[in-house]
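The data blocks that follow each hold one structure.
In the two assemblies presented below, chain A is common to both, partnered first by chain B and then by chain C.
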Partner chain A sequence: MITRDVVDAIIFRALEALNAERDPDDQIEMSPATPLFGVDAALDSLEFVSIITDVEASLNVDHDLDVSLADDRAMSRPQSPYATVETLREYILEITEGA
Partner chain B sequence: MQDTPKYPGTVAVVTGARKGLGRLIAGHFLDEGARVIGISRGEASLTHASYEHHAVDVGDDDAVRALFAKIARSPGKVDIVVNNAAVLTSIHAMLMPAPRAEEMVRTNFLGSFFVSREAAKLMRKAKYGRIINIGSMAATLEPIGDSVYAATKVASMTLAAVLAKEFAGYGITVNTVAVTALETDMLDQLPREKVDAAVAGLPIPRFATPDDIFNVVDFLASPRSSYITAQTVFLGGVHS
Partner chain C sequence: MELHGQYVVLRPLRVDDAELTLGWREGDRATLLNRGATSVAEQAAWIASRPNTELNFVIQLRSGQPVGMLSLVNIDEVNRRAEPARFLIGDPDSVKGLPVAVEAMKLLYELVFDQMKLQRVYGTVVADNRLMIKWQKFLGMKEEGRLRRHYFIAGRFHDAVSLGMMEDEYRAIALPRMNAFIEAAAGGTRIIRRSQGTS
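The block that comes next holds the complex of A and B.
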């Protein structure tokens, strides 16, 4: 079973990949509270796509977890699981529980 | 095979690879040095050291996702996708059974979307990809009996245009080659006189050959075609 620290590391690694392409004075903060989606998002729409697909790919390739982070379950929640790093991490832990 | 193959080191996914045009295109890529991943609902009809086949319904989103999860692990990349899988029921609209209509929408349209979406996730990392949809002259000729089939082909062209915009930043092009009648088993589902009449009405009134289609596929699949996207190339003089 995948742990909280591992999921955090996966998400932060994806954010680091985005930072590598950003200006030094425009870096995304590495924090559980970093907003990923919504009006306060630290990412633009393409960066958001990158984060979701990078995290999915890492869960698949590195941890053999074939999950979709953009399925009906995620889309239909009253509170978006993509809101912050923390909410995304908790969503991943939830859908991979027992896997 | 030519002296200098066109696709060494290239991984190409071809849907509907078991028969008809898909099998021809898969064979062409193999002849030109590509590694080919073929997809169809049935078992493989090709045997080649560089060919692997997956019996997957492209209209089944979960199955497509699971397949590309495997591809992500090995070979870990996709350079070219040819969305060829299609089904055709030709019958007057008033007689079209709903399951046949739904099957055409699911395979011809949603299948292209599911495969393109998953392939683009892999292509994104390499910032390179070529997605080629196999369209049809039915999209513009609008033959009687082909209401749903023709509509799925038009929808696929629109899909390609939007995906071209969404994927452009990742170096992925999305184009369509709209083929005329080719002697494949799909033609057996149409009255021969109807096909002959359609071909006779073309500006170039003959059946397409496989090489006519390979020529355009090679053009759209070329690394040199990086500035060509959201386009539909009609064969035989058909135009929109």
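The block that comes next holds the complex of A and C.
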């Protein structure tokens, strides 16, 4: 079973990859509270999708978890699972529970 | 022709959009697009000369505020294929927290597959534009090849990655994914709007 720390590490790795493409003075903060999608987020749409695809790939390749972070389960939730690193982590833990 | 979504409207590009769209094309975000006009007059002339094998849209918010552009080019009704192109969010600050970019692509694909009854979309992306390649794959495109030294941009040649998507792939994979993304991404926005009594 995948742990909270492992999921955080996967998301932070995706952010590190994104930061490698950004200017040194325009880096995304590595924190559970970092906004990923929303009015406070520093990421644009392409960057956000890059995070989602990198996290999906890591879950699949490194942890044998074939999950989609944009399917029916992500819809109609009271809070967007994409809001912050923390909400994305909790969403991943929820959909991979028992896997 | 206007295409209406939940968050955005795609409306035809007009000659009087020349100054606005030139500004977007000259921004940092357009660095890896093909070289375009260098003056408002050139941009206006370019807009006025678009052939009937193209549909060129301005992406605007439901409020009417223009935020980007998107085109469908090389429309081929014999082979039933076309190329989405010139996708650019020129005003990123105005679209933060809204699934504008995904919905704009969804509206274009609905036009392609539901109204025009085409069977394939395709395109090329500069190989260095890794974020755009990931983006296109996220929206259902599959990599079909690599074109060596295909573009000359900013003083040097660049390889291009060739991408394509068939109608059945759009319906089975891309459309459900786009719908889920739009709904999920808007989750937080819905809460804010409910608390403001606007929806």
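One rule holds in what follows: the second predicted complex is superposed on the first by the 99 of 99 C-alpha atoms of A that agree within 3 Å, B and C clash if a C-alpha of one lies under 4 Å from a C-alpha of the other, contacts with A are read in each partner's own complex, and residues count from 1 in each chain.
Note that a residue touches a chain if its C-beta (ideal position, glycine included) is under 8 Å from a C-beta of that chain, and two chains touch if they have at least 3 such contacts.
Keep in mind the model is a prediction, meaning the values are calculated, not measured.
*Asks:* Which term applies to chain B and chain C once both are placed on chain A by superposition, clash or fit?
*Replies:* In the superposition, chain B runs into chain C.
*Asks:* In the overlay, answer first, second, both or neither for which of chain B and chain C A:D66 touches.
*Replies:* A:D66 sits against chain B, while chain C stays out of touch.
*Asks:* Tell me the contact category for A:M75 with respect to chain B and chain C: first, second, both or neither.
*Replies:* second
*Asks:* Of the two partner chains, chain B (first) and chain C (second), which one does A:A83 touch, if any: first, second, both, or neither?
*Replies:* In the superposition, A:A83 touches chain C alone.
*Asks:* Between chain B (first) and chain C (second), which does A:F37 come into contact with in this model arrangement: first, second, both, or neither?
*Replies:* The second partner, chain C, only.
*Asks:* Could you say whether A:E21 touches chain B, chain C, both of them, or neither, answering first, second, both or neither?
*Replies:* After superposing on A, A:E21 lies in contact with chain C but is clear of chain B.
*Asks:* Applying the document's definition of touch, where does A:L46 land relative to chain B and chain C: first, second, both, or neither?
*Replies:* A:L46: touches chain B and chain C.
*Asks:* Could you figure out whether chain B or chain C reaches more residues of chain A?
*Replies:* Counting contacted residues of chain A, the larger count belongs to C.
*Asks:* In the combined picture, which part of chain B sits where chain C already is, 1-9, 19-27, 91-99 or 127-135?
*Replies:* With the two structures superposed, the offending stretch of chain B is 127-135.
*Asks:* Starting from the residues of chain A touching chain B, keep only those that also touch chain C in the other complex, and list them.
*Replies:* The answer is residues 46, 50, 53, 68 of chain A.
*Asks:* Can you name the residues of chain A that touch chain B in the complex?
*Replies:* Residues in contact with chain B: 46, 50, 53, 56-57, 60-61, 66, 68.
*Asks:* For a test of understanding, state which residues of chain C touch chain A in their complex under the given definition.
*Replies:* Listed in rising order, the residues of chain C that touch chain A are 89, 92, 95-97, 99-102, 130-132, 134-135, 137-138, 176-177, 179-181, 183-189, 191.
*Asks:* Which positions of chain B touch chain A when the two form their complex?
*Replies:* 65-66, 69, 72-73, 76, 121, 124-125, 169
*Asks:* For chain A, which residues count as touching chain C in their complex?
*Replies:* Counting only chain A, the residues touching chain C are 21, 37-41, 44-47, 49-50, 52-54, 68, 70-72, 74-83.
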